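Each of the next two complexes has chain A plus one other chain: chain B in the first, chain C in the second.
Up next, the complex of A and B:
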């Protein structure tokens, strides 16, 4: 329908390798960019601040985890800990007088170093053992943050983020924070889409598919796995810092607990492993669907259709969240990105279904 | 010295109770290679089920067999409905599926049966047992002894005809098929037995610390037990449980006052990490030989 392929003839390799070879996709991207840039004009501050802003940042986090899990095939169940390291180190760096721009880089470097140390320890093993090792990392980092008052600002205390400015522009009002988060999410998305086309990305995919085979064609699995951990922890750390400065603005250790790690893995899986659009769809789905479904059931309860106890009401988001994970794994293991892809492919040849490849 | 002995004995007894929670994990992993991260939640569900039957006015000794039957069926159903469709999928899918189950159970069971902690009285009494200078928590003592008996029973079970089938299936699925064993049925049975083990762990832990959702947190020490002992070894569960229990009791006993509390989680994490770095297959586990 919209995706007419007729008349698109690639005469140069560059155009065939472009990120979006089909004009309809390009128009979609332009439309999305315009919508995102104009969002503060037509979205109320409540929605902007409590839905769209966190959605963008969590999508960036899901993409950085997807780099590790989707491209390199390394499981990570302690990614919230990586983000926590980034968040706390950026805040402490800014408090120590480091400019915000450098503090973000510093947060990334610290997370990358610590994340890679754990990654290196875990790289001798894979599958289940990697899950357990990263899980242990999550608990260790949590414990260190909670029990070292110099980091957390005391066991119960929250650490407020100081006022900062980025390249001379202050980041304090909602609009400014929104644009900063948007910029970061766009940057990560572009990086993610392009890394798949580089030799680095292809090497990671080779390792994911079969590490022996990758070694045979000259890709050193250990080195590239380590680099995957390094890259993804770096981005994850900076995203943690962005999350702290743009959304939470007062961080506590619970904001980066084990459950958040699970939530991130769920975002990547529900969205679709190793897909850029999947990061956004997955983050939105995992964050919003349990809330909407719970509100819907609450509405039914209030109108007297069904009776729901207060106690069950409190547990509904958890039930929906878990059921969503199970449902996607059973019905569409490739996630929302695959559903999107199926629809797009159907539209490409509509109404001539038989010509579908 | 008495303080050390006290930590040692109570730690060993707690460790035995951890082993009981870990037993189901090992049974399922041994039979089907599925890491069941919902084992903690199954322990919690089992405790809730037993409590639910007692709250109907039944005596504990009737509620436990009913709980065993319920959880056995629950295990069978889980395998049939969820896990069988995951055969041949990558490990991340299976891990996330069991984690999804964990989350659903953690919402569903307290959601319907009430989140507030509930007492589960199995008639142990509260007075500590005193041997020499050593205070032993009576609940831990009874729990540890019962756990030991149950684990011993499951070791004996592997000598029976059904147990032999289970060992065969855990060795090689295709070869078991070839000699006419129903691999699906055996794997289903392993889930059922894991459900029964969950009733044992759930009842004991429920009696010790009350029945509420925090019981699902047993997953973490259980995982440490399993990793340390070896994921596919029943002996490993016993030894691993003792070690995790003792280390998790003695080290915090001396360090908690300096480090600001909850060093037990740190000890557990370190046990997992050190085992994975130096001996990933655990003390008694079988070393995987991976073919290209």
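Up next, the complex of A and C:
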């Protein structure tokens, strides 16, 4: 219907390899870009600051994890710890007088190094055992942050982020922080999509799909598993720093607890492993659906249509939320991105229906 | 030993798995440009020998030389980089990739993948990707895979999957190609196509081929020499028809009259 492949003839490999070879997709991207750029004009500050801004940053975090879990197939249940390392490193670097730009890089480097040390377990173990190794990272990092006052400022302390500027532009008002987060999310998205269409991404997927066949065609499994941890932890760490400076503006250890790691895994799974748009859909689902459910059910209760006790009120959204996750995964195990893809493919061949798989 | 300087030389290769003696001092010398067949009943050690050559199970005894360099003890990805490519008995394609990406994986050893190149794609990775795409297209042409180029590897028929695997191995520009039952599970037509593609590739790319095959018609038709294994040991070696007609080989495959009685 909206999508048409007829009339698209690739005469050069460059155009066949473009990120969005179908014009309808390109228009969608342009429309999204315009909406995102103009968002401060038509979205209230409340929605911009408490829904859209965190959504963008968590989507970037989900994409960082998806690079590792979706493309390279290495499970990581301690990714919040990686982000915590990035957040704390960047704050301490800025406080020590390092420019924000370099502090972001430093945060990435520190996260990448520590993340890769724990990721080295992946060279020996797979599956559930790797989950345990990464869980150990989560608890170790949590413990170190809480118990070393030089990092956390004390067990119950909150570290406020200093005022910073990026390439001469201050990052303090909501709109400035929004645009900075938007820029980072766009950069990570482009990076993610470019990884998928280059030899680096192919090598990661090869190791995920058939490690012995990858080795026999010349891929060093050790090297690429480590590279996957290194890259993913680097951008995860910088995303942690962006989250601290643009959204929380103050960090405490609880912001990066084990729950957050599980939420990140949920974002990646619900959104769709190894999918760029899945990162956004997954992060949106995990962050926003509980809020909307709570508002919706509270609205039903207030309108007097149904009686909901205060006790049930607290639990009902969680029940629906859990049921939705199970429902989506049963309906489409490949995540929301696959549902999007199905719709897109159905439109591509409309009014015929032979694309149904 | 045969004359001078074989491309691949296995010298007394032995391999145990616990108490099972899977290979008992097997020696072969594969000359440049020939098609060398490995035959034998199931469980006779053919795939084990191939796995020793490609580095999956390093032999516990014996040496393997490729172009005069010792390769036993090297990791599989190093052996791949030194010029040996293989296919698997049970198709080992990357299921999450398209046919094109699978074949592009064969170019991995010539590429320099890194995340920064991906990040700066238009300035850095694109030229490399396009250059290798061109050489992959030549292999796609050779094996007539144009029509399934953009399909996902797990949705095409088995015969084509095996051909894609051959294409992936060929695009690594190996000097030695190791094929583990390339025609298993194929019908007559697919089999004949496969034989033609193997011969075409061998001729056009100047390959040396080591092939495990159960179809004796294929073996006698394309192999210059064969090694017959039984229970991990050599029972015959030589020109294909001669080796297969050896009484010991017939006995190993279908038994002797004494066994039947």
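Keep in mind that, in the parts below, the second predicted complex is superposed on the first by the 347 of 357 C-alpha atoms of A that agree within 3 Å, B and C clash if a C-alpha of one lies under 4 Å from a C-alpha of the other, contacts with A are read in each partner's own complex, and residues count from 1 in each chain.
One rule holds in what follows: contacts are C-beta pairs under 8 Å (C-beta built on N, C-alpha and C of every residue); 3 or more make two chains touch, one makes a residue touch a chain.
Predicted model, so just to flag it, every value in this text is computed and none were measured.
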item: Which of chain B and chain C A:333 touches, first, second, both or neither; value: first
item: Dominant contact partner of chain A by residue count, chain C or chain B; value: B
item: Touched partner set for A:69, first chain B, second chain C, both or neither; value: first
item: Partner chain in contact with A:227 - chain B first, chain C second, else both or neither; value: second
item: Which of chain B and chain C A:265 touches, first, second, both or neither; value: first
item: Which of chain B and chain C A:194 touches, first, second, both or neither; value: second
item: Touched partner set for A:38, first chain B, second chain C, both or neither; value: neither
item: Partner chain in contact with A:217 - chain B first, chain C second, else both or neither; value: second
item: Contacts of A:319 with chain B and chain C, given as first, second, both or neither; value: first
item: Common interface residues of chain A - those touching chain B in one complex and chain C in the other; value: 212
item: Residues of chain B that touch chain A when the two form their complex; value: 35, 82, 85-86, 89, 91-93, 95-97, 99-108, 110-112, 114-115, 220, 223, 227, 231, 259-263, 265-266, 268-270, 272-273, 276-277, 280, 292
item: Complex interface listing, chain A residues touching chain B; value: 69, 75, 121-122, 124-125, 127-129, 131-133, 135-137, 139-140, 143, 146-147, 155, 212, 262, 265-266, 269, 311-312, 314-319, 321-326, 329-330, 333
item: Residue ranges of chain C in contact with chain A within the complex; value: 54-56, 75-77, 80-81, 85-86, 88, 92-97, 101, 104-109, 111-115, 117-119, 121, 125-126, 128-130, 132-134, 168-169, 172
item: Complex contacts: residues of chain A adjacent to chain C; value: 13-14, 17, 191, 194-195, 197-203, 205-206, 208-210, 212-221, 227, 231, 274
